[in-house]
Amino acid sequence: MKKMTVLISTLALVLSMSVTGFAADTIKLGVAGPHSGDLAPYGIPAMKAAQLVVKQINAKGGILGKQVELLIQDDQCKPEIATNTATKLVTDGAHVVLGHICSGATKAALGIYKDAKIPVMSPSATNPPLTQSGDYPNFFRTIASDDMQAKMAVEFAINKLGVKKVAVLHDKGDYGKGFADFAKKYLDESGKVEVVLFEGVTPGAMDYSSIVQKVRKNKAEALVFGGYHPEASKLVSQMSRKRLKTIFISDDGVKDDSFLKVAGDAANGSYVTGPRDLSSIPLNSAATAEFKAEYGAEPGAFFQEGYSAALALLTAIEKAGSTDYDAVTKVLRSEYVETPVGKIKFDSKGDAEGVGFSVYKVENGAFTELK
Amino acid sequence: MAENKHKLLEVKGLTMDFGGLRAVDSVTLEVHEGDIAALIGPNGAGKTTFFNCITGIYDPTKGDILLHPKGLKTRRLNGLKPNKVTEMGLARTFQNIRLFPDMTVLENVMIGRHCRTKSGIFRAVVRGKRVREEERQIVESSYQLLEKVGLADFANEFSKNLPYGAQRRLEIARAMATDPFLLLLDEPAAGMNPQETADLEQLICKISAEEQIAILLIEHDMKLVMNISDPIYVMEYGKKIAEGNPQEIKDNPKVIEAYLGEETDA
Amino acid sequence: MEYFLELFFGGLTRGSIYALIALGYTMVYGIIQLINFAHGEIYMIGAFVALIVAGVCTIYGLSGVSILILAGIIAVIYACAYGYTLEKVAYRPLRGAPRLSPLISAIGMSIFLQNYVLLAQTSDFLPFPRLIPDFLFMEPVAHIIGSPELVILITTFITMILLTLLIKKTKVGKAMRATQQDMNMARLVGVNVDRIISLTFVIGSALAAIGGVLVASYIGQVNFYIGFLAGVKAFTAAVLGGIGSIPGAVLGGLILGWAESFAAGYISSDYEDVFTFGLLVLILILRPAGLLGKSHKQKV
Amino acid sequence: MIQNLKQSLIVSVWFVFLTFPLMVVRVNTMDQVVIWRWMNMVWVAIGSFILSYLWRYMLARQQVRKKVADEGVEIRSRTQLLLEDMSFRYKAMGIILLAALVFPLVFDTYQSTIMISALIYVVLGLGLNISVGLAGLLDLGYVAFFGVGAYSYALLNHHFDLGFWITLPIGGILGCLFGIVLGFPILRLRGDYLAIVTLGFGMIFKVVMENWDGLSFGPSGIANIDKPSFFGMDLSLANSTIYIYYIMIALVIFTILVTNRLKNSRIGRAWIAMREDEIACVAMGIDIARTKLSAYALGAFWAGMVGVLFASKTTFINPASFTFMESAIILSIVVLGGMGSILGVIIGAFFLILLPEYMRAFSEYRMLAFGAAMVLMMIFRPQGIISNLRQTYEYKGSKDKINNG
């Protein structure tokens, strides 16, 4: 025990010193998100985006004459680990933080950043209360919130598709259920549509045949699903197996190439919402090209948003002329910045003005934006 | 047979069925105060099942098990949980030793004191004077029991490290720690060498004489049984086929027949 | 009525897969009284190997049902190899140890295998090629029971008949039953108990792998985590039917499949897993030995 | 020699075969590419060759030990002898306590946060140790009680503004009550069934918390939970971390004290006896049902209590924190540390929680290593890192008494 303590404390000492050791004059950009475990695919692209941005800026001589240093921390998307990660970033002296990726982890960590007066910008945490509750003045995001997305999906279903009976399903998760709740709310409020089914499916369950049959029995014309692509592909595959023609509408978590590949033909004719098509923005194609040159692969989920967040944060520091909390947040709220997700500025609550969603239709195994 | 000694245990027409198999078939048996009674019979005669019925491990199909503690009213044991039976004053040992291997010898005996002590969780945490006193008493009486069976020197050894004969004696000490007035021993001499068996014989007699504990034992060692037991009950195929004192049993043709080919030297 | 039938066949399909996996649990438990917690991972590995074989074949230009059969066979071979190794590494050294030890070892093995596949492959869901064709003659009833379901039911049925024949008619089967009844006795009459135990693991693993391949081609996706829930459910099925009893495992699997299907269909799928475990607790309280299990008295 | 070589070669070839599809081939069925990773095959071959030697050596050593033990000779390692030395124990405890007290003053906030996490797991491990280590009841849903504690604080705080200190015992008691309620149906179950039913309970807890919006706010969880208050003062992050750290130290000491006393009490002995042999235990007049329930409920008590602290530390909880994996981690702490051994469990918790935290680079391999360690530990060192110290009792003078009397 004693030996152990000595060992651990020495180890801790060495580590803490090695990090805080060269507290030379750099601007520290913290990056937090899942970088290991099963949710890593959602966190790594944003991390790589930050690396690319920082590399570029440093090559140009940094900001305010200082080099930018990255502090990367893995939170595995778990709230309890996220608090540790946040503390780590705070103690290591991060000036601004890009993260976290999951809404739950973000909520857990935000209080810590708030106390330390550090602006935080998430590329992916879409949970509405993060901005709308007003609890977190230090929070910003480069992605629109779930309720906007749900509203868009619902309006599309009502106005464009003209459906009268809708089934709403979700994956019982933080993100999926949040989306589904809002979708149901807007559907009910519209008064034109009847929600015939509102239920959660179990992720990892062997099959969804009962729930698919239930959708059929309730004669739903459209199925709005809140969740991620593995469940969505399972659902659409089973619907096609069961010869069910209900229109499938889902969210950004499903707008992923995996959905197209895994569900195959069954995905055709589905609708998903997602950030509007950005390929026309020059900065966007540049960022993508940069990624391809560096890693030789397509950037994954939240790469653009991560890239934008890193750019927005660092630009704000440059414009503010310091890393002072008030100055930086003021710039973020007042001045537009060019990013891969468009020219954006943040409103008083921290949501980005200028980012928005579009509805995509799956046609011939590809997402096509509906204008 | 009819004596004036107080009758402690009375089993009437005990029957135990397992599915279609009748393991014990209307066996009647009595144990009186001061007795060292024995239950013998070939392997598979249903002796251990009979024990298990009395001690509450099995719920017998038919029959009555009546306990007449001295000075208290009669209790019917059928269907009682084993721990209740032990609380009534009836303790047992097992045919294939069932000690608590990763506990010390002393702790094994201390477990026996459990049902005679009563400090609960809260008291154990606070560890007040009363609990400390109770603990002291448990240790003291357990230690004395170990001395009685000659294991005091091993008190702090793990019971799994004891030699075989000593484990058997420890089981007896553990059973005695529950303050029984009737002790059921299931083949206490099994696997013992002649010297150990002789020691055991002494121990049993000592317990019977000094502690006023009546004993009912299952045993295959005929020499031991004939030396110390009276009365002796004989079972075969679940039925009681004979009872009596050693001489009567030795002369009983049915018993001789039952044992022919099995333990003729007995 | 049609809705009922739809749910009935959905439950039957799911239940037959549960039954296939549950058989492995029950056979192993019958012989060495161990919950082989890693059994679900064998199912997952079976599915994964099939995916790899099928994937490689498709990429190199092969196609059709022949791939499914080839992938199935290789998956079964590999699952057997894993099952065999699993027993040898994680359970055999623990024979005779306290009961908790092999159980913990099994849990450890389950975590290990899951993460082994995660690290060696990926955490993504991978698409499993659609290898079961849509039969034309099934088209009129496809919304109730489609071709993949039909293939699953037929395969399961045949597998179970083969298993029954193996256990009832062959010498090996007799040896297995003897070992299950009394290991020491079996050893005395000349049964190589070690080999029988290995064989039990191998057969159980083969069944799990068949289940894995069927599910993967039915659902169309595979990931490292599919074994956990499937394993837990199948084990629940085995306990439900009476662990150690082979017909019990099949019955338990089907009952569980139907229970989940009808509960989701008529009540709500929100609490799907609650129904499953509620049913388990209920049955264990009413019949601790399970539906078809023998409540054998503990030997004292 | 040749024999060994041959054996290891066979093992090596076997594992190359076994791992071939998963380690060597990597199909991306999405982009239709196959990657052949032949180097992995070489690593597997070399690795399994070496490991098979190690494996044989360890097994042989195990055999020798067993033989010696069978002959009645007891092997007691140096650590064990050292630990039995009371004066050493007191000195060591003093040093550790001192180190624990100055820790947050010497190290930064982050280190304290990590230490709090490790201490939370110490309490969880000690709690689970009661049911698994002492009473032998394998509980795979232990995290549910942790969740009960965390949710009781989160909800009471959210709805009624109850403070940390009032809720701390409430959380413990609620955990305990849940333990009793869930304990009833399992009383009749044998060990293996217990495992699956408790696992089920753990999953049921999570599903209910996900779906019962009215109670738990569903999967989006509860945010802005109050940190423990310090005489009504608002503490900065660093200070409140130090404050929670000291609360946690006090809680750990309290836990150690209580579990240690329980272990060496009449109840504790009954738990151990029940673990060792249920039939013999009941034949000694011990009420099995009551003993099981008490072990289960007391184990749950600690989880409930530390759950409150967990919620106050993270200030946000959702059902995703209470998964089976969490139960598995707590179980491996108990198993690796040494079932039944309080010191062992403490070391196990530090080891399993701090190591991956400081070796972030290897955090991917964390669960892989946990799994492997559980298996290896069971095979080669079932008593854990620190085996359970036996309680010895001194009783002097009885001989005199008997001689006199």
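Order of writing sets the labels: A, B, C and D. Residues in every chain begin at 1.
Following the convention adopted for this analysis, a contact is a pair of C-beta atoms (placed from the backbone, for glycine too) under 8 Å apart; a residue touches a chain by one contact, two chains touch by 3 or more.
Because the structure is a prediction, the values reported are computed rather than measured.
Annotation of chain A and chain C: jointly contacted by D, touch as defined at the top. Of the two interfaces, B-D and C-D, the higher number of touching C-beta pairs belongs to C-D. Taking the mean of each chain's C-alpha atoms, the chain closest to the overall C-alpha centroid is D. Rounded to whole angstrom units, the spacing between the C-alpha centres of chain B and chain D is 40.
Centroid to centroid, with C-alpha atoms defining each point, chain A and chain B lie 71 Å apart. If you average the CA atoms of chain C and of chain D, the two centres end up 30 Å from each other.
Between the CA-based centres of chain B and chain C the separation comes to 47 Å, rounded to the whole angstrom. Shared interface positions of chain A, i.e. residues touching 2 or more other chains, are given as 37, 172, 200, 202, 258, 261-262.
Among all residues of chain D, those that touch two or more other chains are 29-30, 207, 211, 279, 364.
Shown for chain B are the residues that touch two or more other chains, namely 57, 94.
Note for the complex: chain A touches chain C at residues 37-41, 172, 199-202, 204-207, 209-211, 213-214, 216-217, 229-230, 233-234, 237-238, 241-244, 258, 261-264. Residues 14, 17-19, 21-23, 25-30, 32-34, 40, 59, 62, 132, 136, 138, 140, 185, 188-193, 195-197, 199-201, 203-204, 207-208, 211, 279, 324, 328, 331-332, 335, 339, 364-365, 367-368, 370-375, 377-379, 382 of chain D touch chain C in their complex. On the chain D side of its complex with chain B, the touching residues are 69, 72, 74, 258, 261-262, 265-270, 272-273, 276-277, 279-288, 294, 298, 388, 390-393, 395, 398-399, 402. Interface of chain C with chain D (complex): residues 29, 33-35, 45, 48-49, 51-53, 55-56, 58-59, 74, 78, 81-82, 85, 89-90, 93-94, 97-105, 107-117, 119-122, 124, 126-129, 228, 232, 235-236, 239, 243, 270-274, 276-278, 280-281, 284-285, 288, 298, 300. Interface residues of chain C facing chain A in the complex, by the touch rule stated above, are 3, 6-7, 10-11, 13-14, 17-18, 118, 123-127, 130, 142-143, 146, 148, 215, 218-221, 223-226, 228-230, 233, 260-262, 264-265, 268-270, 272-273.
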